[in-house]
Structure formats: C-alpha cells, structure tokens
C-alpha cells in the first residue's frame, strides 16, 4: 500500500518537475511547479513528517507558486507560448546534470552500509515535537530565521517599490 | 720609585680623554664663541702635553724596569659570542715617546693656528677637529690591542679627511679628502683582514698576549705551516701602513692632502698620523720578525718609496708638495729601517722627523701666510731678510733633514743607515745613502730658491705674528737637540728596542759618509740655484723626458684615475645596466606574462551566470569522481568515508 | 495516518531527491527566463529537503531522543523558511531588473563581465 | 613588572597599543588640525619608545630567554596564541622600531598633504612592524607582517614621488614582492605547522616548534628552509630578489623609506634567525653555502651599482642592499659570533639608513630634487643637515665609534672562520662602500657655494629630532657597544641558539656545494 502510494506520488513529483524545466510556456511551468511541490508533500507524509507536509503545502504550493505566477504576470512580454525558451547551451546543461545524477545514483546504489535503523521509528514529526525542539535546542537559529524573514520582506518591498532618486 | 710612577702611568688615559672632552665642549657648547673654542682646545692639549712630559720623565727615572714591564690598564669593552675585546692603555717607553711627540707637535700646531687661521669662518670647527684628531691619535698610541689601535687608526683617518676637506668649498680640497680616505681604506682592508686572521689563529688581539702566543706557536714545530701563515698575516697587516704611511703604491693621497690648511699638513700629514703606519709595524714587530720574507718586503717597499718620492720631490715647484714628497721619502726611511731590523733607529727617526718636518711645514705655512697663499717657490725669493725667524728656523730644518751634525736628523738617519749595512742589506744602504744625497739636494733647492733667491718686487712679505713664530722656535730647538738622545748611556735605544738590548757605539766612519752625501747634495744645490753655475733650465732642456715624468709623479695618479674612471665606474655602469634591464627585465617580463595570460583568460569570463554555474558543477562532478575513482577502489564511494568520517 | 510498514527504503528516496535536484539543475543551466531559473532553484531546494527528511527518518541515531531524532526535519523547516525569503527577494529583484531592462532574459545580462 | 600576579607582563601590549591608540585619536580629529595630529602621533610613538627603552634596560640579562611574556590563547583548536615576549634578539629590533618610528614622525613634520590619513597609516605601519618583533607565535608574526603591507602600498601610491619609475610602479613592485615572498613563507609556515602537529597539541609557538625538531626530517627541513629563504630573502633583498628595494625606496615618502629600510627589511633577517636557524638548523646548514654566495653578490654587486647612481635615494637604496649582504653572510656562517653580529648589524644599519633617509627627505623637501649633479655645496646653507648627512655616511662606511663598525667587525670575525673566501670578498666591499658614500657626501654637501640654494633654511626645531635621536644612538652604542652587545649576546647564547649552532656545526653533512 505505502509502496504504491510512494511510487505514484514520486513519479508525479518527478514528472511535474520535468514539466517545469521542459515546458516552453512559463505559465505552465508555474503550474507544474505547484504540482511537483504537492507530490513532495505526500512523500513527507510517507516519512512521518506530517507537520512538514503541511508547511510544504502552505508555503510552497500555496504561497511560493502564487508569487511566481504573479511575477510571471508582471513580467510577461511577447508570446506566452514561447515565454520559457532554452538557451544555446542547454545540451551542456543536460549533460552535466545527467552526469551528476549518474554519479549520485552510483553512490547511492553501490553504498553497502547506510546504517539504517533496524526498525524504523514511528512516532515524532508532529507539530508538538517540532515546536519543542524549535523553542529549546534551535531557539537562536529560529529567531534568526524570524529576523531573516522580516528583513527579506522589507527588502523585497523596497526592491520592488524602487528607490526614488532624491532630488 | 717604580710604584709611585706606576700610579702616574695608570692615569695615561687622561691624555686622550682631555682633547676628546675639549672636542665635545667645542662641538656642543662653545662653538659660537671663537675665543673660547680655541682656548679650550689649547688648554686641553697643553695639559695633555704636561701629562705626557710627566710620564716621559717617569719612564726615564724608572729605568730598565719599565722596559721589561709595561704598565697596562684595561677594561672590557666588547663582549659577544666568544669575542672579548678590551680597551686599555699601555705605558712603555715607545708609547711615552709617541705621547710626547704627538702632544708637543699638536700643541705647537694649535698655538700656531691661532695666527694662521686668523679670521677663518670655520674657526671653532677647526679647533674641534684638531682636538678630535689629537684625542684619536693619542688613543691610538696607547692602545693595548690591535682592534683598539685599528679603531683610533680609522678615527685619525676621519680627522684627516675632515681636515683635508676643511675648506670644503674648494673642489680640490674636497677631492683630495675623498682620495685620502679611499686610498687609506684600501690599505685598511688588508689591515682588517690581517687582524681577523690573527684573531682567528691566536684567539687574542692583545699585543703582549699575541706576541707570547706567536712565539709558542713558532716553537711548536708540530704546527706545520705557521711560518707561511705568519708571512701572509704580516703582509696583510703591512697593507695598513702602506696606506696610512703613504708607501708605494698607495702614496698618491699624501701630496694631494696638502690641500688642507698648512698647520694640518704639519700635524697630520708630516709629524703624527702618517707615522702611525710605522708605529703599527713597530708594535707588531714580533710578527714581522717571525717572517724574513715579510721583513724583506717591508725593507724593499720602504727603500723604494724613499728613493721614488725623493726623485719626484726634485721636480716639484709647490713648496708644500716638495715637503709632502719629502715626507713620503722620510717615511720610506722609517719603514725600510724596520725592514732591515733597525727598530730603535726607525723610532728615533720617527721622533726627529716629527720635529723637523713639523717645523718645516709650519715654516712653509708662515711663508705662504706672508705670500698671501702663493705656494710656488719660484714666485718667492729673498724671504731670508724679510722673515728672519722663519728663515733661520727653516734653515735648521733643512740642516736637520739633510743629516748635518749636530742636528737631529743626523743622529737618527745615521743610526738606521749604519744598521742597514751592519745587518747585511747593502743595497738598501746604498739606496738610503743616495736618497740622503737627493734629500739634501731638493731641500736645499727649496731653501735657496725661496729664501735666498732674488726678491720679487710684487711680494710684500712680512714676518708672521708671535703666535706663529714661537712654535717655530720651539720646534727648531727640538730639531737641534733632539738627536742628542742618542748620546747618553741610557740612550734612546736603551729604552726603545726590540729583543735584547745591545749597546752599540756610533760608527763614525759610516756617519762621515752620510754627512758627505748630505753636504754634496747641499753643495750641488748651491751651485745650481745660488751660483747658477749650471742653469736648472738647461738641465731640464737636456733631459725633457725624465723631467716630465718626475714632474708628473711618474703618472701614477693618472693611471689610478684611469682605472677608477674606466674599469670601476665602467663595471658599475655595466652592472647597473644588468640590474635594470636583465634582473628587472625578468621581473617585468613575468609581470607582462601574467598580464598577457590574464588577457587571454579574461575571455572565459562571459558574464553569463549560467556558464559559471555549469563550470562550477562540472568541476564538482570531476572532483567527486577523482575522489571516488582516484585510487581505483569502488568501495571508497562510501560517502561517510569520503567526508572524512568512519569507514 | 500510519503507513508504517513500508518497504520503500532510503535509497529510493535519495534517488527521487537526486532526480529532482538534477532536473532543477538542468533548469538552472538551460532556461533563459529568469523566473524559470528561480523555479528550478526551488526544485533543487525541495530535493535537498527530501534528503534531509529521509535521512532523519531512516538513519540510526545513537541517542534515541526526540531532540536529536527530529534534527533533519528542523533543518528542512529552516530550508523552507530561507527558500521563502529567497523567493520573495528573488522575485523582487526580477521585477526591479525587469523594470530597468525590460527583459527577463538572462542571456542579455552579462554585467559580471567587466 | 616582569612577573605580574596574573602570570604575564602587560608591558609589551602597552608598547604595541600606544601608537594604535594615537591612531584612533587621530581618526577622530578634524583633518585641518594637522599640528595636533602630528603631536598626537609623536606622543604615541614617544610612549612606545620610552617603554621599550625601559624594557631594554629592565631586561634581565643574567636570566636571558624570553621576558615580559604574555600568553593569551586565541584559537585553541589550532594552537594559535596571542603570545608576546622579547629576548636578546628581538628586543634590539623592538627598540630600533620605536626609535625609527619616533624619528619618522618628525621626519615627516612638514607633511601637509592629507596629514590625517598619512599619520594614521604611519602609526599602523609602526604597530605592525613592532608586532612582528614581539610575537612569540608564528601565526601572530605572520599576521602582523601582512598588516604592514597594506599601509605601505597606500602610502607609496599617495605620498610617493615619481622619478626613474612612477610611484604607482614602485608601490606595486614593493607590494607584490612582499606578497610573493609572504606567499612562500605561508606555505613554509603551514608545512612546518603540520609537521610539528604530528605529535602533541598543534602549535605555532616558536619555542615549541623549535623543541619539536626531531619531527622534521632532513629533506623536509631542506624544503621548508628553502621556502623561508625565498620569503625572507626577498624581504631582506637578497641578491636576485632585491630589485624592489631601490625602486621602492625611491618612490616611497621619507617616513616609509625610513621604516622600510630601517626595520621592515630586518624582519627578513630576524625571521631567518628566529625561524630558519632556530627551528630548521639542518635546512640552514644545507642552504648556507647558497646564502653565502648570494650574500657576496649582494655586497659587491649592489655596492658597484650604487657607484653608478645619480639619484640620492637610489644610492642609499642600493647601499642598503649591499649592507644586507653582511647580515646574510653572517647568517650563512652559522656561528654565535656571526649571528650576534648579524643582529647588531640589523640594528646598526636600521639606525643609519633611517638617518640617511630622513636627511635625504629634508634635502628633497627643501630643494625638490634628489639628482646628485643638481645638488652641491649644501654644507654652506645647511650645516646641520650636512652634519647629519656626514654622520650617516660615516656610519654607512663602517667608521669606528659608530655601531656599524662594531657590527661589521663582529660579522667578519664570525665569518672568517667558517667562510674565509666569502668573508674576504665581503670585506673588500668596505672599499667600494667608502667610494660611493664619500662621492655622495662630496658631491652633495661639499664644493663651491651655489647661489640657487641660498634661500634654503637649515633644519631646525622639530626637524632636528631624527638627527639628534638617531645620531645619539649611533655614537652611544658605538662607543659603548656593550649596551647593545650585552643584550644581543644573551639573545644568542642563553636562548639556546648557540647550542643549536654548535650542533649544526658538528653535524656531518655536505652543503649544497
């Protein structure tokens, strides 16, 4: 059962990602992106990370994809069907990417000793556990992340608004 | 008796210290007040003279004891890495004699300068230099070890440099000062090397310890090669005296040094500093004694210089230059005397020469003063009547240098010539005798032309002030009676000798021969320049080439200048060219190469971020693969192992 | 939800992550549109997140303690946070660049060349 | 003072921080207040000078070794410590730095162009140089050394003068040489560190590195010493790597020339002794013949080139290359006398060249030329300046009663045993030194009065400070050499260097030749 679910959504996520990078229509790319994010969220659920799955859906599928779509709308010029072309060096890019994948796959598949748990643990991953950890062990990074978000927000606003030349 | 004297001798350090104090005082306090400066300086040197006289008297009273046991006081001065150098004073008859001579001539010269330098702008500077010189010279005289001697040796060289170039605005003075320093420096190079080798061999620089070490090492037959080593060291040490005492071929600086004020020439370049070389050879005599070859060399150089300089002096017209070549010639006497083993004769001649040569230089200064800076003897004439004191004292000087009894030069010159013959050096003796004849001739020539010749109407000479004549009289007195030190039973040689003292009587036969040589020289000059029996012009006309060579001092200066300007400066230019075009060229070439290759590599920076990222990741993959497959083991693909973790 | 007894192992998850990552990488290399590049970047971040969570899930950890077991999840959470910030700033930059250059085509951006 | 209860002396940090403090004060002063800025700078360096004089005389020579030590762990994992301390080798160098630093402030007393920045940078420079000498930790040593490079580059570019080469070229050359040298040094340093870390806690401390000599194999020592020789050699202007020196000095402003020729260059010699001989004795032995040959090239080659120079600063620049040859040959001789002489020579040459450069600086400032044929007879208008110039010249040619003579003599004394042929050639250098020095003195100072220089005013007031301070040091240590040599002697003998040298001399191994 779990295996079937896994393969369905793993293939979905990968296929959607394929769509993102191959589609010549930028709007389609954006939608494929949202699909891929959702597929990954399911994989999180399969790995007992319920809270992360929720965050993934909210932040990625919900916020990021929408923002991307907005950005596309703001910057779209010319024909939409040819809004997302490849450059001249895409062959090289493909070659390097495949090479990298081959290397990683080689490592992953040939590695004999991953020190996997004898029996996978089942509990944890809930919002409660996470929050406990965030507010004790990782308090300072957590606060730093909060500051980072605020700053990024302010920065984004300023950038997007544009600085007026004070004359 | 000796005990009390001993205490006195311990105070010998005051003698150089006093003039040094006066130098500091003048340099930092009284330099604005001319009167004070000269007073301070003269007071200091007179006090030093008094002390030197006291020490001299003490030596005479101590008798044989002081000869055997010199009084040495010393303290540590430098101490590094196993090298220990002391500074101290040694009082023995030799140093006491030098102290007396130096302080006497220095004080006379300083008093004389009151008149001679009157109105000079650099008055205080002059007296400061004079004090510094006196201090350095005296310090050198009482040095207990070679390094101390070398230090003061160089300092007198500095003073000589400063005083030759005293009138620094004169280009000739400036060049002469430079020449003097550099020429003596060439000698010092050898001297320094000799000192280093000596220390390396014997582990000490102390004169007494060195002498002892040398004799032990010579007695030890097992130590092979000592004799050769000693010869080398003696040669190297002798280079110093060759420079300082103006021996051929390093004599070129001394005549040029006459560009300095005349009292300076009298003090430094006639009486004291130039004999430092002789003094050094005497001090190191134990070393030369150990090497017959070195002694032979010393004798040869001395004799050659004596003759060589005397021949040049015949053809010179400048009063100071004649005296300068005469000084060279007399220094040659002293040096060859040491070479033939006449230790006390050489020292005796050193003393008497200091008296009469200082006298003649000061006399010449008086003449130049009266002639308003004219120095050519042919411009002078008839000074005998106008300047009686100068004339008489100068005449005494001429008699003394010509070896006419009973004047000082007779005794000393006779002794060393007699020793040369007795010790089996007939050639040196013959050269010395012939030089004595030449000396008498050119000195008389100078005297007859300048003092006795016809008066020149355009000159209005007048006798010099008393500050200048009194030193002349004092020095003339010593030039007259100084030689009598050879007479008593405890005579000069009793106190100052090397090895065992063997009293020897005057050899009146040899003395007669040298007196005849001197009289012949004077007579010849009389015939040529007073009687005009043989015209000097006709001689010149008959021998134009030898005359020209002599007049131009055998062209040695020209040769040296040619070497310096063509070889040394040429090499300098070549090396500079090498430096800026080859070495710097390589450097700049590398820089250009870098710039060029950078221009090529710059194309790779397209500005396209994606290209950069691709290269970056490609490199990551390559590095990854190198790590993974580099050692040919597939199993090393374990990522944990790759990251340095457990395997 | 308990999908406990799954037979899908760590390697499979890692391969999925690697595939996503390489697709994202290809997108970064090959796309002209700057927004597409940003999207590819997000894909890569997701791939990393999958790795984090998978390692956290499967690897044996010496200290069986909630504080250590969930470290991977927390890292993934932080990645998401940073990614959100990044996309916000990135898109703002895109808009600024677009406003100045009237283009989102990275081929035309070679200001790094000097 | 030398043993505070807390286990360290704060004297050296105070010496180090005084100029830095002055620099911070200057930063907050308005830039028009040039007078105040100069006074603050002078005060800062004066404090340092007085404190280092105190250290110089308070140093316990009987005890020897590192004194006034202070050790603060900085990066414990890497074994980096903020460790300060001085011994008989570094203390003279520290004092020298401060003497020259203090004088250099006064030598630039008439600086009006961007005075604030100038003095701030100068103070950083002085601090950096000082830091290299009081560091007991290789890492700190290197850190301070790199600090030095930055202000020098800026100062040459902004305040330098363009003559044969442009000041930009000079500054670039200087900096790149120093950096390339330091790059090699860095490699050697890291190699040494890694070799020493094979046993025990990793460390950068000099004495620790020296104590772990048994960890360095002979081939390693040879390579590591070679790297250091390249690094330090280009710093001390060893023969083929010397060409930055004349150009750099000619381009640099007076104060930089003073500090550079006076002390910065000495870091090379200091490093070769402290790091080369001390830590890598076998390497030193191996390279010694090469150093000796190059040193002779330095002495004679540079002396000859100095003869052909027309620019005053070039003469002194080449002369300093020539004099560094003596330091190098002393290091190559590898015996206590020579090494002591090398330290003393660095001190002596530092004082002398600083005096020379400050006098040349005044000449240039007043006449706006350094071309020797254009000058002449300056003793008429500026007797005091002439005095300083002649003192420097006499010290340069090694006249007795100046410290330079004693140093040279000690070096010769030490080298003649080990390397007789090279020593004889080196001693021949004193003749050529005399020739070019006296030529310069004669052509610049002496000769007929020139009316075009009649308007010049002699140095006075603050301008006299370099002459008085440096002249006093030259003669005081020259007449009473034990003031300096007592200390140097402790540095060489009691610090174990003598012992190292003894072992090296007995080691049976052939040199490179």
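Just so it is clear, A, B, C and D label the chains in written order, and each chain counts residues from 1 on its own.
Just so it is clear, a contact is a pair of C-beta atoms (placed from the backbone, for glycine too) under 8 Å apart; a residue touches a chain by one contact, two chains touch by 3 or more.
What you see is a predicted model, and the numbers here were worked out from it, not measured in a lab.
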| item | value |
| --- | --- |
| Target chain D, source chain C, minimum contact steps | 2 |
| Identifier of the chain whose CA centre is least distant from the whole-structure CA centre | D |
| Distance between chain centroids, defined by C-alpha means - chain A, chain D (Å) | 60 |
| Centre distance in Å when chain A and chain B are each reduced to the mean of their C-alpha atoms | 94 |
| Centre-of-Cα separation between chain D and chain B, whole angstrom | 35 |
| Distance from the mean Cα position of chain C to that of chain B, given in whole angstrom | 90 |
| Residues within chain C bordering two or more other chains | 25, 28-30, 106-107 |
| Multi-chain contact sites of chain B, meaning residues that touch two or more partners | 610, 614, 617 |
| Pairs of chains satisfying the touch condition | A-B, A-C, B-C, B-D |
| For the chain B and chain A complex, residues of the former touching the latter | 610-611, 614, 617-618, 620-621, 624-625, 628, 634-635, 637-639 |
| Chain C-facing residues of chain A, complex | 1-3, 5-6, 10, 13-14, 17-18, 20-21, 26, 29-30, 33, 36-37, 40, 43-52, 55-56, 59-60, 63-64, 67-68, 70-72, 74-75, 77, 83-87, 89-90, 92-94, 96-98, 100-101, 104-105, 108-109, 114-118, 120-122, 124-125, 129-130, 132-134, 136-138, 141, 145, 148-149, 151-153, 155-157, 159-160, 162 |
| Interface residues, chain B side, partner chain C - complex | 605-610, 612-614, 617 |
| Touching residues (chain side chain C, partner chain A) in the complex | 1-16, 18-33, 35-36, 38-40, 42-43, 46, 49-50, 53-54, 56-60, 64, 66-67, 69-71, 73-74, 76-78, 80-89, 91-96, 98-99, 102-104, 106-107 |
| Interface residues, chain D side, partner chain B - complex | 173, 176, 240, 243, 247, 301, 304-309, 335-341, 344, 377, 379-380, 394, 397, 399-401, 405-406, 409-410, 412-414, 416-417, 423-424, 427-428, 430-431, 434-435, 438-439, 442, 445-449, 481-482, 485-486, 488-489, 492-493, 498 |
